[in-house]
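Below, subunit A partners subunit B and then partners subunit C, in two separate complexes.
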Partner chain A sequence: MRWLACYLTTGKHMAFYASFGTVLLLLAITAPVALLFGFGGAMAARSPVAPLRWFGKGYTAIVRGVPDIAFFLFFVIALDQGFEWLRHQALCPDWDQPVRQGNDFVVCDIAKLPLSSAPQWVHETYGFFLAVLTFAIVFGAFAANVLFGAMRAVPRPQLETAEAYGMSRRQTFWRILVPQMWIYALPGLSNLWMILIKATPLLFLLGVEDIVYWARELGGMKTQVYEYPHPDWRLYYFLALLVFYLGLTKVSEAVLSRLTVRLSHGQATMAGEAQRRAGA
Partner chain B sequence: MSCIETIQNYALRSLGIGERLLPRSDFTLCEQFTLIGSGLIWNVYFGALALATGFFLATGVAVAKNARQAWLRKPAEWFIFLFRGSPLFIQFFLAYEAFVLLPRTGIEIFGITAQTSWLTRAWAGALIVLFLNTAAYSGEIFYGALRAVPKGDLEAADAYGLTGFARFRRVVWPTMLRLAWPAYTNEAIFLFQSTTLVFFSGFPAWQQRGDALYYASYFADKTFNPFIPYPILAGYFILLTLVIISLFGMMNRRLNRHLPQERRQPIRFRLQVIR
Partner chain C sequence: MNKLILSAAALALTAGAAASQDVVRMGTEGAYPPYNFINDDGEVAGFERELGDELCERAGLTCEWVTNEWDSIIPNLVSGNYDTIIAGMSITPERDEVIDFTQAYIPPSPSAFLAASEDIDLDTAVIAAQTGTIQADHVASMEGATLVEYATPDETVAAVRNGEVDAVLADKDFLAPVGEQDPALMLVGEDVALGGGIGLGVRESDTELKETFDAAITEMKEEGALNPLIVKWFGDDAETW
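Showing the complex of A and B:
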C-alpha cells in the first residue's frame, strides 16, 4: 500500500497527471478557436462576393467524406512545411536550391521552426501549437457547417422586420441574426463538443506527450527509457483513461442541458414560449 | 517497373499476397495508388463485417433499452453510454491490452482448450471492438426511431390481431428501420472512416499488412511529402462514401416503397464525425 502511494507520486506520474491538464488545455483553446474559424467559414459561405462564398463552401465541404484522422496526420506535416517554406522565402531570398530534394525537405537554417538551437520546451510548445491549429481547422469546418445551418434556421420574418425598420445588411446580421442563431446552433455545437472530447486522444498521433502516451509509457513493463518493477499494467492505465472520458462526457451533458435552458430564454421557439408562459 | 507489374505485385499486398518488400525509394505515383488501394481492402473488410453483425446487436440493444423491465433496460443503457461516451481510440487500446493479457496457451473450458492468440490480431480483435462500437451507436439511433414509431401503426396492428413477435416483425421493426435509415446511413459512413484508426491504436500491422491510412502514412513518412499520399487516400474514401450512399439509398427506396410519392424522404447527409 505504501509502495503504491509512493509509486503513484513519482515524477513520471506527476507528468502523467499534468498531461490531463494538456488535454483540458487543448479543449479550452481549440473550442473557441474552432468556433471562430467556423463563424468565419459560415460568414464566408453566406457572402455576396462569389470567390469568398466558394471558399467558405469549399472549406465546409472539404472535411466531409474523408476520415478526420487523415486530416490530422496531413495538416501537422503540411502546416509545418508551409510555415518553414514561408519563412524560407522571407529570410533567405538568395537560396537557389529547390526546397524538395528527393525525399528531403530542405530550408535554410535560420528558417527552421523552431530553430534547432531552441530549448526543448519551445519544441514541445510548437508541437502543441500545431496540434491546436490542426484541431481548430478540422473542427472549424464542422462548426462552419453547423453555424451555416443555424443562420438559415432563424425565421425569415425576423430579418424582414429588421429590414423594415431600416437596418442595413450588416446591422441585421449582427443585431438580429447572430443573437438568435445560437439556440438553433446549440444541438449541433454540443454534438461537436462531444466529438471534440472524443478526438483528444488523437493528440498522441500528432506527437504530443498526452495521456495516451504516458499511459503506454507508465503501464508497460519495459519502455523506451525505463524499466518498471511491475507487470504489464497498461490495461489499468487505459481503464483510468476510459473513466476520465466517461466522466468528461457526463459533466458536459449536464452543462450543455443547462445551457440549452439558458439560451432558450426569450427565443421565438417552443422552449422559449414555454418559459415565457411559466414566468407569466 | 511498369505500372501493370506494380499492380500485379502490390494490389493484394495488404493480404500478404505478392511482393513481400514494400518499395523503399523512388516512389512512383502508381505504387502509391496501388498500395493505398490495396490497404482499402482492410477498411472495407472491417466496415462491412462490423456493420453487418452490429446491425443485429443494435436491434437487440434498442429493443432492450425500450423495455419496461429494469434488468433489461439498464444493461442496454450502460452499454450505449460506455461505447458512445468514450473515444474509440481508447477502446481499441483497452481491448488490445485486455486481449494481450489472456493466457497465451489458451483457456481451458470444460476440457476444451480455447485458443486466444488470434484475439490480439487486428482482423479479429479490432473487428470485435468495431462491432460493439457500431452496435452502441446504431442502437441509440434505432432506439430513437423505435420511440418515434407512429401510434396509428401500432393501433392498426392491434386491430389486425397482431401481437408479440409477429407485431414486432411485421409492423414495428420495418417502420423503425424506415425512420432510422437516414441516420443509420451516416453512421455507416463514419464507421468506415473510423476503421482507419485500427492500425494506429495498439493493434500491430503484422508483416506490414495495413489499411489504407497505414500505407498513406508510410509514404508520407518516407518521402516527407504529405501532399501526394493523403489526397490519394481522400479520393479513395470519397469513392467509398459514394458507394455506401448509393447502396443505402437503394435500401432506403425499398423501405419507403409503400409510401405515397411525396411523403418519401430522400436521405439527407449531415456532417460526418469522429468518435
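Showing the complex of A and C:
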C-alpha cells in the first residue's frame, strides 16, 4: 500500500496527471479556433468573389484529403521552417550561406524559433501552439464542410422572405442564415468534437507529451534500472484512460443534447415545431 | 536617443546570438534503457544522459535534453529542432548519408534474440524489431525469417510476450536485463554483430559541433573515463575501449 502510494506520486506520474490538463487545454483552445477556421472556410466557399471561393473550396478539399498522420509529420515541420525562414529573412539580411545545405535546414541563430537558448518550457509552449494551429487547420477544414452544408440546408423561403423585406445580402447572412444554420450543423460538429477528443495522441508526433504517451511510457515493463521495477502494466493504465475518455464523451453528450434543445427553439424544423406545440 | 536605443538593441541581439551558441539541445528517444530512458522523476536518465552531461561539461557547453519519437528523430535534427542525436544510434552508411556522426562512444556491440521458448528455429521464425533500426534491416535480410516492425522497443518485447512474434532482435545490452527480469523470456541463438558502434548524430553542416564532441570523446577515451561508465551501465561483460 505504502509502496503504491509512493509509486503513484513519482515525478513521472505527476507529469502523467498534468498531461490530462494539457489535453483538456488543447481541446478548449482548439475547438473554438477550429470552428472559427471552419466558419471562415465556409464563408469563403460561398463567396460571390471567385478567388475567395476557390480558396475556401481548395482549403476544405485539400486538407480533408491528406491523411492526418502525414499532415502532422510533414506540415508541422514545414510550418516551423516557414516561420524560421521568414525570421531569417528579416533578422539576418547579410547571411551569405544557403538556408538549405543538403538535407539540413540552417538559419542564423537569432532566427531560430524558439531561440535554442530559450528555456525548455518555451520550446514546449511553442510546440503546443504549433499543435493547436495544426489541429485547428485540420479540423477547421472538416468544420468548414459541415457549416457549408448547414448553410445550404436552411430553407430557401426564409432567405427569400428576408430579401423581400429588403435586407441586403450581408444582413440576410448574419440575421437570418447564421442563426438558423447551427441546428443543421450541430450533428456534424458534435461528431467532429468527438473525433477531436480522441485525436490527441497525434500530439506526440509534435513532441507534446499527452496522456496516451505517458500511459504507454509508465505502463511498459520496467527493469531493475528503474526505481520501481514492475512487469507490463499497460492494461491498467489504458483502462484508466478508457474511463477518462468515456467520462469525457458522456459529459459532451449531455452538453450537446442540451444545446440541441436550445438551438431547436423557434426553428422551422421538426424538433422546433414539436417544442412550439408542447409550449402552446 | 533613438540611436542609443537601436545600438542597445543591436548589442542585446548580438549578446543573445553569442549565448545561444553555447546551448546545445540533445535529442534522445527516452525509451531504450539502459541507454536512455525517462526515470521515475520524469527526467532523461541512463548511460547516454551521464555521458552527454560529461561531454558537455568537458566541452564547456550548456546542454538541454529533449525527447523525440524514434521515427522522426532524424527529420527533426536536420530541421534544427535540436542539435544532436544521442539515442543509442548505430553508425551506418545509410544514416551517414543524411547526417554526420562523431566517433563511436560505444564499440560495436552485439545484438541478440530474445524469445519465449528455447527451441525456436530462427531461420523460419517471425521476428520483431524496432522500425528504422539496424536490427530491422538485419531481419529483413535473413532468408526465411519474417520481420514485424514496431514503433518502440517496449512494444517489440511485448509482442514476444503475447505471442504475436516468436522472437525479438535488439541490442543485447537492452534485451539482457529484460530476460533477467522476466523468467518466461530468454536469450536464444547466437549473437549477431551489427553496425559500426554508437556515436552522436549531428547535422552535416554542423562541423564545429561535431569536432567539439569528437575532441571531448577522445579526451574521455584517453583518460580512461569512458570505460568505467560503460561498465557501470552495461555490466562487466560489456565491450569496452
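Note that in this section the second predicted complex is superposed on the first by the 271 of 280 C-alpha atoms of A that agree within 3 Å, B and C clash if a C-alpha of one lies under 4 Å from a C-alpha of the other, contacts with A are read in each partner's own complex, and residues count from 1 in each chain.
Throughout what follows, a contact is a pair of C-beta atoms (placed from the backbone, for glycine too) under 8 Å apart; a residue touches a chain by one contact, two chains touch by 3 or more.
All figures in this text were calculated on a predicted structure; none of them were measured in a lab.
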For this session: Once the two structures are overlaid on subunit A, check if subunit B and subunit C clash or fit side by side.
Result: clash
Exercise. Looking at the overlay, does A:Y245 come into contact with subunit B only (first), subunit C only (second), both, or neither?
Worked result: first
Exercise. Between subunit B (first) and subunit C (second), which, if any, makes contact with A:T10: first, second, both or neither?
Worked result: second
Exercise. Regarding the shared-chain residue A:L205, is it in contact with subunit B (first), subunit C (second), both, or neither?
Worked result: both
Exercise. Where does A:I77 make contact in the superposed view: on subunit B (first), on subunit C (second), on both, or on neither?
Worked result: both
Exercise. Taking the superposition as given, does A:D232 touch the first partner, subunit B, the second, subunit C, both, or neither?
Worked result: both
For this session: Please indicate which partner A:N145 is in contact with in the superposed arrangement: first for subunit B, second for subunit C, both, or neither.
Result: first
Problem set entry | Shared subunit A contacts, counted only where both subunit B and subunit C touch the same residue | 73, 77, 81, 103-105, 204-205, 216, 232, 234
Exercise. Which subunit A residues qualify as touching subunit C in the complex?
Worked result: 10-12, 14-15, 73, 77, 80-81, 84, 101-110, 112, 115-117, 120, 123, 204-205, 207, 209, 216-217, 220-221, 223-229, 231-232, 234
Exercise. What part of subunit A is in contact with subunit B in the complex they form?
Worked result: 64-70, 73-74, 77-78, 81, 100, 103-105, 142, 145-146, 191-192, 195, 197-202, 204-205, 212, 215-216, 219, 232, 234-235, 238-239, 241-242, 245-246, 249-250
Exercise. So in the complex, which bits of subunit C are touching subunit A?
Worked result: 13, 16-17, 19-25, 30-31, 33-34, 37-43, 46, 64, 66-69, 72, 75-76, 78-81, 83, 98-99, 152, 154, 157-158, 161, 177-178, 180-182, 203-206
Seminar exercise, completed: Per the touch rule, the subunit B residues reaching subunit A in their complex are 25, 81-82, 85-91, 93-94, 97-98, 100-101, 189, 193-194, 196-197, 200, 213, 216-217, 220, 222-227, 230, 233-234, 237-238, 241, 269, 271-275
